[in-house]
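For reference, chains read A, B, C, D, E and F in written order, and residue numbers begin at 1 within each chain.
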Amino acid sequence: MSDEVTAEILTTHVLDLAKKGRRLDGRGVDEMRPVKIRTGFVASADGSAFVELGPTKVLAGIKLEPGTPFPDTPNAGVLTTNAELVPLSSPGFEPGPPRPEAIELSRVVDRAIRAAEAIDLTKLCVTPGEKAWVCYVDIHILDDGGNLIDAAMLAAMSALTHATLPGERFGLGEDKPLEVRHLPIETTFARLGDALVVDPVSEEESACQGRLTIATDEAGNVCAMQKGKVGAFSPQDVLQMADRAQVHGDRLRDQIRAL
Amino acid sequence: MSDEVTAEILTTHVLDLAKKGRRLDGRGVDEMRPVKIRTGFVASADGSAFVELGPTKVLAGIKLEPGTPFPDTPNAGVLTTNAELVPLSSPGFEPGPPRPEAIELSRVVDRAIRAAEAIDLTKLCVTPGEKAWVCYVDIHILDDGGNLIDAAMLAAMSALTHATLPGERFGLGEDKPLEVRHLPIETTFARLGDALVVDPVSEEESACQGRLTIATDEAGNVCAMQKGKVGAFSPQDVLQMADRAQVHGDRLRDQIRAL
Amino acid sequence: MSDEVTAEILTTHVLDLAKKGRRLDGRGVDEMRPVKIRTGFVASADGSAFVELGPTKVLAGIKLEPGTPFPDTPNAGVLTTNAELVPLSSPGFEPGPPRPEAIELSRVVDRAIRAAEAIDLTKLCVTPGEKAWVCYVDIHILDDGGNLIDAAMLAAMSALTHATLPGERFGLGEDKPLEVRHLPIETTFARLGDALVVDPVSEEESACQGRLTIATDEAGNVCAMQKGKVGAFSPQDVLQMADRAQVHGDRLRDQIRAL
Amino acid sequence: MGSVGAKEVPQLLNEAGRRIDGRGLEDLRALKIEAGILNRADGSAYVEWGDNKVMAAVYGPREVHPRHLQQNTKAIVQCRYNMAAFSVDERKRPGLDRRSQEISKVISEAFESVLFVEEYPRTSIDVYIEVLQANAGTRCAGIVAASVALADAGIPMVDLIPAVAVGKIAGKIALDLKKEEDNYGEADLPMALVPRSGRLVLLQMEGHMSRPELEQALDLGVKGCLKIYEVQKEALRARYAVRSTEAPEVAA
Amino acid sequence: MGSVGAKEVPQLLNEAGRRIDGRGLEDLRALKIEAGILNRADGSAYVEWGDNKVMAAVYGPREVHPRHLQQNTKAIVQCRYNMAAFSVDERKRPGLDRRSQEISKVISEAFESVLFVEEYPRTSIDVYIEVLQANAGTRCAGIVAASVALADAGIPMVDLIPAVAVGKIAGKIALDLKKEEDNYGEADLPMALVPRSGRLVLLQMEGHMSRPELEQALDLGVKGCLKIYEVQKEALRARYAVRSTEAPEVAA
Amino acid sequence: MGSVGAKEVPQLLNEAGRRIDGRGLEDLRALKIEAGILNRADGSAYVEWGDNKVMAAVYGPREVHPRHLQQNTKAIVQCRYNMAAFSVDERKRPGLDRRSQEISKVISEAFESVLFVEEYPRTSIDVYIEVLQANAGTRCAGIVAASVALADAGIPMVDLIPAVAVGKIAGKIALDLKKEEDNYGEADLPMALVPRSGRLVLLQMEGHMSRPELEQALDLGVKGCLKIYEVQKEALRARYAVRSTEAPEVAA
């Protein structure tokens, strides 16, 4: 049986289940998989977090190094987010430049951190126009069980929240905790027929008729959104998901803060 | 019918016409297609020109920015020419690094501007060895109806002739017109049997047995030449085409200056 | 007959010969092909050597230019080795990024020069932390008759041994010979059944069950090793080859010094 | 949005509720669409929208390159959004950066949502967007142009898709941000609508919006899209009018 | 080894013959191996070895990509050794540098030497090694992990291959160098052993060793490998134990 | 030509009409050609021309890589012109820059003009040129070497193609410029000739030439090519002589 036929049968099955309000792994429509977070996993990083979202495994590492501010923002540090779908994570790896999915993943995580102003970049300036901290957020996707965006964002924010500004290593003052001002969380939904399911597994992402990621902050704002995949949403759908994203976001913020 | 068979039939047809002194689009052997030039097309550029050579459409944009002179020419600005066969222009686009045709196009236009000393690069020096203007000539091929070199050169020289040196934007004095010292024009010919036709269309370029581009200046000099495509020319052919290129060049120089 | 079948027959033949203590080109198990070295081949280089190892031909060129020391070694010059399997050298060339074989070749030569401390890099420092000589060793493989590592290393060390530090060209004092402190030589062996043959030809490299390169210096030290190809060696094999590598190395060191 | 550590923020809304270019909060910038402007492409369109100038071309359905991307049960939709080096204030290095690649991806997905891709298995429908002059909203301008180019190429679609960005400036939800508003505003939300179904096939957002603001923004965006939809249809009517005048000549 | 022009060299061996972390010359760092830690991969393993943290995954035998690499008479073995950007003190740019490519090559050749590649013509056996935290000896840690991952994937091998680096510090041959020892030592010799045959499938070396030192180093390395071999086998036993407990459940 | 803003211009022509190396205006630099110098290549040649040292190798007609470049009705001709890093005063970064790619293209087209490509459909004839030491005129030296290498490979051609650059120095047309003349001269015109037809298969030019100067330059270049042609033929005669001496040995 060809891959395409298998995929079609699986899609039909996922959609049939959704019609009955059921999901492949037995979860409810608004039920996320369990989240496990372990910070400080990598000693060579200035902050790190190993996140499991059900079977999905993601490792984020933070490195802070002195560099030069951008000419148009001389008073600000630099934030760089990079997510890699390393070949361990799934059978689909191909060598070569990063594929659109990986680029989208990096940019969606980066955009939410930036839009929510999670880090006050002006605090990372050392000498205006000359020297500022560059904050690298490197995210390794190790095991792809679906919904990489939410797992990557959890890893990034957990690592940042428990990171150290390594002043001593570079003769720039004492080490101190990196200040995290806001704690944005991303929540992703997939449309399966009329159902809008949260935290989709890989098979649901393949079968879906539209995917929407919504980042919320602790003040009840939507900070970022990204529709992905082929498909469409009504404005009413979007508003419903925004409400649900806020609830999930608040719960996960509590979990990160309690680490 | 395969592409190669179609191409062969078309080639035979073009060559048969040429034997009778005729061309695919009814033009005479030494007749160029009509040239339309519209300068100032792009407000974000420091100079720009939209050129139509029959159905061929090309847009050139100039950007001037401060940079560093090359170590071996500390008293001169820098000229950089880049032509892109963007995928809108023809069905032949392939992703990846620029193909030899695009590289040749960029280099042939660049060489003629440089050899004719169209711009006095020493006038673009700000502080010897330290700061000089970099003049970027970016050429977008939008619709490929054949003879891209001549169209690209017309666009480049029209854009340069009506460009502004944006001193104010960079705190380097007042804005003033970019000084163009000479006005080289390139004229391209294709050999079709014994005929040497000017301004070939795409089908003539495919069928030709040699293509020659000759750049002339207003003083009657030949400034650059480039033989392209498989085929050969006798020295007498070359001299005949040089004479004809001068006539076409003078006419087009008048057209650009009258804009 | 397919390439794979041809290769299999040739492999069997090479291994059968080896059982009888014989080789394709009639050499003994511990016999190297004749080495011809011609230094000063390239006038534009600061040092160069054209080396023939039997039919294998390699050209190495040295260029010395002022540059910046690495931040972690402010008192040292920089050594950069690059070997290119240019397409002249064999039918196997493919365009694109260097293949693992070429990368290994560059790195194995580089590692031996570095580990043996052939060049005292601290002598190449001009101003600590600011200016130091960069020594480029560029190796062109021109004709691949097998055992490229040994030929490349011979070319690199011959070129370095007869190179000039071009102070005058850069206003950094008088020209003087580049100081070479140690003279490492690499000797490569291939396992063919129970035989460990020195200086394998291409067919022996394809047929072999393990390849080992050993760099020795004039003091009787092993400075670098690299096992390549599929296959395995016992520790006793390794020690036997180390002894033989020392003998070959001493002989070739004499040949280079006598140039 | 990207104005961290920047110096002075201009006044984006005056006392009379007018924007820096005199528009009200719910006004679009001037929009002009021309279909069929290129000869080689199977379909094409040119859009001037405020100070944006964008060209789109469509090729296909045609053979897939590289071949291994081919799908047996449907056409693939490959969009390439590119900015000319001279389209922005500071010269952009030629080539697709990560931003362009992300935009290319979401636009490809938006169009695949309205094209009958199952009708053209093993082919590619290629959509090329070139931004010649940029002033905020270029991805929406590209979608507007590409929609018309697809129709010009005669490729069947569920519907044309209009697109527009809604934003937040000086605390107010505003339609169709221009550059200064985008740079110094508080939020940007580009969307593309299928008018026939009322659903969104492209939706992105960054900045800060409360739940009521989000609702207002979606509502305003849908209204904006419906206005743009009319201009798109008008451009196609003008194109078909030219063609039908031409047709007799060809037939004669 | 790479310490040209560096400032101060730490004392690598004290009067009592103890190393900076208190080990004797023939002691290994603490080693922990866990098999089967990933869901998607056909086989996987995680190794903590001193301050190294390394993960390995195996996919295959499966179709070869790109196709032209396919061989009609055997499987190809493609190893990819990669270091995470945050695995080292100074952030490493993501992507395979020349060092990683060389290591990938020699590891591929080491595994092809023990896999029954003729049994799986026209396929690829893909071995992926990710170094998450690095402290000298990462290529050996990668081989140790990948061996276990291959066994976890059920791919037949002649034998597991343990690996370790031997070095020379303060003039003495020492087993399993850590970072400071590697940086300031006089030689480094990583090797991988096939215990069943006593032969080496990976062998590299740089630095200075006399002939007697080389003999001593090879001998010490083989002994170290045999200790590591036991830990590898134990990790697989633990993995199979879990599986056999699980099995009845699945069967029920 | 590329001497914008440079400091001092040397005297390129003395009172006696002699050039900096003592040559007259119509003199060639010393030229030495050796055929068949490489073992692996199907054909090869080495050229020393003034201070240029250039090697050429030919492989083919053979299978086309990558396959999609294959043409059903003819062979493709793929030339690759490359400069060694150490061939010029300031080290050149390895790899093909845009200049090398352009030169590769025009040389490919020049040879395709004289090869019977229709005789070898679906194959590639690969011509590799390596500049080992450069002193102006390397593309011509490359063509001269590659012509001989093609003949050495036994690939039928209409004719060998000699090549030379003509230039303008101190206001005079001069044959075969060397580096200083190229750097400080007023024009450079490289050409390649098919002696049998009197036609040019390669022609480039940059600088300033009046119509009469252009005529004079073409005339001088043709004369120069005819001299070079003799040296090429002599090199092949020497090569065949060696081969025919060898032949009996092989046959015996």
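Simple rule for what comes next: a contact is a pair of C-beta atoms (placed from the backbone, for glycine too) under 8 Å apart; a residue touches a chain by one contact, two chains touch by 3 or more.
These figures come from a predicted structure and were not determined experimentally.
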- Using the touch definition from the top, list the chains contacting both chain C and chain D. none
- Could you quickly compare A-E and A-D and let me know which has more C-beta contacts? A-D
- Reference chain F; chain at largest CA-centroid distance: A
- Message: On a CA-centroid basis, which chain has its centre farthest from chain D's?
- Response: C
- So how far apart, in whole Å, are chain D and chain E when each is placed at the average of its C-alpha atoms? 51
- Message: Can you work out the whole-Å distance between the CA centroids of chain B and chain F?
- Response: 27
- Could you grab the centroid distance between chain C and chain F? Build each centroid from C-alpha atoms only and quote it in angstrom. 31
- Note on the structure: Taking each chain's mean CA coordinate, chain A and chain F are separated, in whole Å, by 57
- Item | Residue list for chain E, restricted to those that touch at least two other chains | none
- Which residues of chain B are in contact with two or more other chains? none
- Message: Starting from chain A and heading to chain E first, what is the chain order around the ring?
- Response: A, E, C, F, B, D
- Query: If you look only at chain A, which of its residues touch chain E in the complex?
  - Reply: 41-45, 48, 55, 57, 59, 61-63, 65, 82, 84, 86-91, 93-95, 136, 138, 140, 142-145
- Item | Partner chain A, residues of chain D touching it in the complex | 1-6, 71-73, 98-99, 101-102, 104-106, 109, 112-113, 189, 194, 197-211, 214-215, 218-219, 222
- In the complex, chain D touches chain B at residues 38-41, 44, 51, 53, 55-57, 59, 62, 65, 80, 82, 84-91, 94, 126, 128, 130, 132-135
- Listed in rising order, chain C residues that touch chain E in their complex are 2, 4, 8, 69, 72-76, 100-101, 103-104, 106-107, 111-112, 114-116, 121-122, 125, 210, 212, 217, 220-235, 238-239, 242-243, 246
